[in-house]
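First chain A sits with chain B, and in the next complex the same chain sits with chain C.
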Partner chain A sequence: MSTPDQGLALHHLTVRFGGLLALDDVSLRVTPGRVVGIIGPNGAGKTTLFNVVCGFVGAQAGSMTLDGRPFRARPHHLVRHGIARTLQGVGQFNGLSVLENVLAGVRSGRKPEQQAAAALERCGIAEHARQMPATLPYAVRKRVELARALVSKPRILMLDEPAGGLDTDEIRWLETLIREADTTVMLVEHHMDLVMSVCDEILVLDFGKPIAFGPPDTIRNDPKVTDAYLGAAA
Partner chain B sequence: MDRFLFLTFDGLSRGAVYAAFALALVLIWRAARIVNFAQGAMAVATVYAGYSVTNATGSYWLGFVVAIVGGLVLGAAVERVVMRFVDHSSPLNGVVVALGLVLIIQGVLGMIYGNEFLPAPTAFSRDAFEVGGVALLSRYDIFVFASVGAVVVLLTLLFTRTPTGLRMRAAAFAPDVSRLLGVPVGGMLTLGWALAAAVGSLAGLLVIPTELGLHPTAMDVVFISAFTAAVLGGLDSPIGAVIGGLVVGLLLSYVSGYLGATVAPMAVLILLVVVLLGRPDGLFTRARTKARAA
Partner chain C sequence: MTIVRDRVATTLHALPGKRRINPILVVVVAGAIIVALTYTLPAFRTYQLATVGAYFCVTAGLTVLTGLNGQLSLGHGALMATGAYTLALWQNKFNMLIPGVIVAILVTTAVGAIIGLAAARLRGPYLAGLTLAVAVVVPSISSTFDGTFNSDQGLPVALNPPPESILVEQWQAWVCWIAALVTVLALAYLTRGRFGRDMRAVRDDETAAKLAGISVARTQVLAFVVSAACAGLGGALFAVLSQSVSPGAFPLTLSLFLLMAIVIGGLGRLVGALIGALLLVALPAIAQEIGQSAGSQRLEGNLALTFFGVVLVVVMIAAPGGLTSIRLRRTKTTRTRNELKQKGR
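Coming up: the complex of A and B.
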């Protein structure tokens, strides 16, 4: 049972790029064990929100806490905090083999090769371990990135458009993976069937501003969301 | 035939040094996408440090160790203090700063040690063994092969068998992705520069005694040969640098032996031009290494 302070909390985050307000007073609590979706039209600020959590982008206002303590986002400290993130596209080391790509994500512990092999097995791509990512189909490369994120056994898994470019079968596999991930998941995604099926809560952004937050059924029936996004996405 | 054999072994010995120096250039190119034109001057600076220690203590090996450790420290310092703050939006910026470093280092060395060639000590005789009446290898050549071979083996083990090597390669391929995985990208870059400078120092220690001696500009011509070797092999390819170094060493040896020593520098430049025109990515750079992180 988690206490109210546990998990990641974003408090009134505001980010400006010059004259563009990318995030406008965004707050969000990510409770341990939950799957939280972040949706919105292109340019709504979803990836910017992820980038703030990861430390790639600094917020002009607002703060973050992790388990109730102030959280200063720095990319190379994320793993130490138990946070793993995938990127849009496939974000891989094309000069490293599939196994090496996943090995690079091993955080600690003994027998890193076994940990990497287990992650590859879990993602159903063990047979590609010795191959180079650039030679593999896009869907397999997406799985490599997921294996690399999962191998660190994160307490918070941030997935940035993991279904992009995948076919129906692959998305069904992804859905199962998220359900069985046994960790907190933050999911930025345009594929509404996936979002509505796996998420416990959904934050909707529009032009950087949060316009709705709640369980999928509430979001699906919210007229503001329908007007801003779902009407177009459906 | 005797002459050909002698020139071949001599070329391979020289080529091994170029290979080491080219490897140093490749290490930095892979990590930072900079051709470190200051590599030669940095190497000379550390060889001078080793020379001072050898003169003071009488021990060649103490001077040798000081030069290698000095290379590690100097490489790390150059990255931390200078290169880290260069605006990398244009590749020219790093090149200009490196050329500035050359002028500074050579100027300071000239002020401290003077601008005369100093005799550089060697640990082994350079008299060649004769096999069947043919002069082939000297003890010094064997020392060169062993040293460069050890460096190549150690670097290969580092990059392919250790977590640190994997992180260094990851940081070079995709810094942002590496950061997300907890890789200290800046630290890996510093380590890359330190290792490269140490390998450069080794090359300096090996080649300077075989040339005119110790001088602030002693590595300038060596740099051109090693740069050609690195371009020939492909700036992204460590194995290409080694093979390129051996090819350039053989070319220089054959041209010097058959056409005259004065023609040799021109042969290297012609090779460089031919490679840049015909296969600018080098002979050993594969498509997969050109395409960095997707």
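Coming up: the complex of A and C.
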């Protein structure tokens, strides 16, 4: 049972890029064990929100807390805080084999090769361990990145459009992985079937502003969300 | 979980892995070959062999920096000068070679750390520009502080003579190759471990590297420091070989030669660095012979650079990965052919 302070909390975050208001007073509480989706049209500020949490972008206003303590991590310290993130597309080390790609994510613990191998097995790509990523199909490369994120055994897993470019079977596999991840997940995604099926709560952004927050059913029927993003078909 | 781990271990062991040669074995065999060569080659060739060893220290460090970490340095000639001048000053005061070489490495490492700190904030042409400035500025320091560095005349290097039973060239070759083999052994182990993986990860994708928990700046500074230490050692060995140091021995073209040599040899590979070191000695020697036979000193001075340029162009067209990639490609083809034979196809 988690206390109210546990998990990641974002308080009134505001980010400006020159004259563009990328995030406008965004607050969000990510409770441990929950899957939180962040959706919205292109340019709504979803990835910027991730970038603020990861320390790639500084917020002009607002603050963050992790387990009740002020939190402002530098990107390479995220793993130390138990946060792992994947990038849009495939953030990969093409000069390293698949196994080495995953090993790069092992920052602590004994027997790193065993840890990496377990992550590869979990993502169903153990047979590609010695291959170079550039020689593999896109879906496998996405899994390599996921394995690298999972190998650090994160408390919070941040997935930035993980379903992009994947076919139906791959998305079904991803859905199962998220459900069985046994960790907190923050998911930025345009694939609404995936978002609606795995998320416990969804934050909707539009032009950097939060317009709705709640469980999938509430979000699906929210007229503001329908107008701004989902459309009548949802 | 245990079942998964067992299955994983089985899977990994069953996979065809890269065959890795034990670096210690390579160093022992190379050491034996070098010793044999120093007893069979004539004195001048033994001196050239020693020069290859000194260059190998530098090219090995540079290929780690540029090939594995993706940092372009046009200033390694200046780092060599730092090592050489440090050894000269030390030897002329204390005349103790081994501590002198260590001090030269330490001083160059410190200089490399300062450059590395700046370099970690720069990318591409800006980094090249910074290191180029270092290559230009460092040798000119000798003119500014001529009381210490004796301007363009340079400094002599006091050295104790080797034992009477050994030729000077033999002794030089042993000193240079002991240093080179120790350097290569250290680099081989360093690049095989986590540090090597981190360097390559940073080279390939800095954002993904940060998210994997790798400190990009620290990795880049460390790579520069390691590379600078190798350049300092190489510079100190050059001071031992020539028994004098002067700014003319470390011109801007030396930095360019070093870079071209590792690109021709094959970036990021220690074997490529060895090929580069061989070229650094062989091409100017060939240019010198041609220049002398043509009776033109001016031609002699420019031919080496021309040779390097032509070889670089030809190699990049034939094998963009450098000369070592030709060898690897052949090995792969041969292996595939053998596998097909075994399958009876």
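Basically, the second predicted complex is superposed on the first by the 231 of 234 C-alpha atoms of A that agree within 3 Å, B and C clash if a C-alpha of one lies under 4 Å from a C-alpha of the other, contacts with A are read in each partner's own complex, and residues count from 1 in each chain.
In the analysis below, contacts are C-beta pairs under 8 Å (C-beta built on N, C-alpha and C of every residue); 3 or more make two chains touch, one makes a residue touch a chain.
Being a predicted model, the structure only gives us computed values, none of them experimental.
Enquirer: Once the two structures are overlaid on chain A, check if chain B and chain C clash or fit side by side.
Expert: These partners clash in the superposed model.
Enquirer: Let me test your reading of the model: by the given contact rule, A:95 touches which partner, first (chain B), second (chain C), both or neither?
Expert: Both: A:95 reaches chain B and chain C.
Enquirer: Please indicate which partner A:54 is in contact with in the superposed arrangement: first for chain B, second for chain C, both, or neither.
Expert: In the superposition, A:54 touches chain B and chain C alike.
Enquirer: For A:141, select first, second, both or neither according to whether it touches chain B, chain C, the two together, or no partner.
Expert: A:141 sits against chain B, while chain C stays out of touch.
Enquirer: Is A:5 contacted by the first partner chain B, the second partner chain C, both or neither?
Expert: After superposing on A, A:5 lies clear of both chain B and chain C.
Enquirer: Regarding the shared-chain residue A:87, is it in contact with chain B (first), chain C (second), both, or neither?
Expert: both
Enquirer: Given the touch rule stated above, what does A:132 touch, chain B (first), chain C (second), both, or neither?
Expert: first
Enquirer: Given the touch rule stated above, what does A:152 touch, chain B (first), chain C (second), both, or neither?
Expert: After superposition on chain A, A:152 lies in contact with both partners, chain B and chain C.
Enquirer: May I ask you to decide whether A:76 touches chain B, chain C, both, or neither, giving the answer as first, second, both or neither?
Expert: In the superposition, A:76 contacts both chain B and chain C.
Enquirer: Touching A:118, do we find chain B (first), chain C (second), both, or neither?
Expert: Touch partner of A:118: chain C, not chain B.
Enquirer: Overlap the chain B and chain C contact sets on chain A and report the shared residues.
Expert: 54, 56, 75-80, 84-85, 87, 91-96, 100, 103-105, 107, 148, 152
Enquirer: Flag every residue of chain A that touches chain C in the complex, lowest number first.
Expert: Going through chain A, the ones touching chain C are 54, 56, 75-80, 84-87, 91-96, 99-100, 103-105, 107, 113-114, 117-118, 120-122, 126-127, 129-130, 145, 148-149, 152.
Enquirer: So in the complex, which bits of chain B are touching chain A?
Expert: 163, 166-167, 169-170, 172-174, 176-185, 287-289, 291-294
Enquirer: Where on chain C is chain A touching in the complex?
Expert: 4-5, 7-9, 11-12, 15-18, 197-198, 200-201, 203-205, 207-216
Enquirer: Which bits of chain A are touching chain B when the two form their complex?
Expert: 54, 56, 75-80, 84-85, 87, 89-96, 100, 103-105, 107, 112, 132-135, 141, 148, 152
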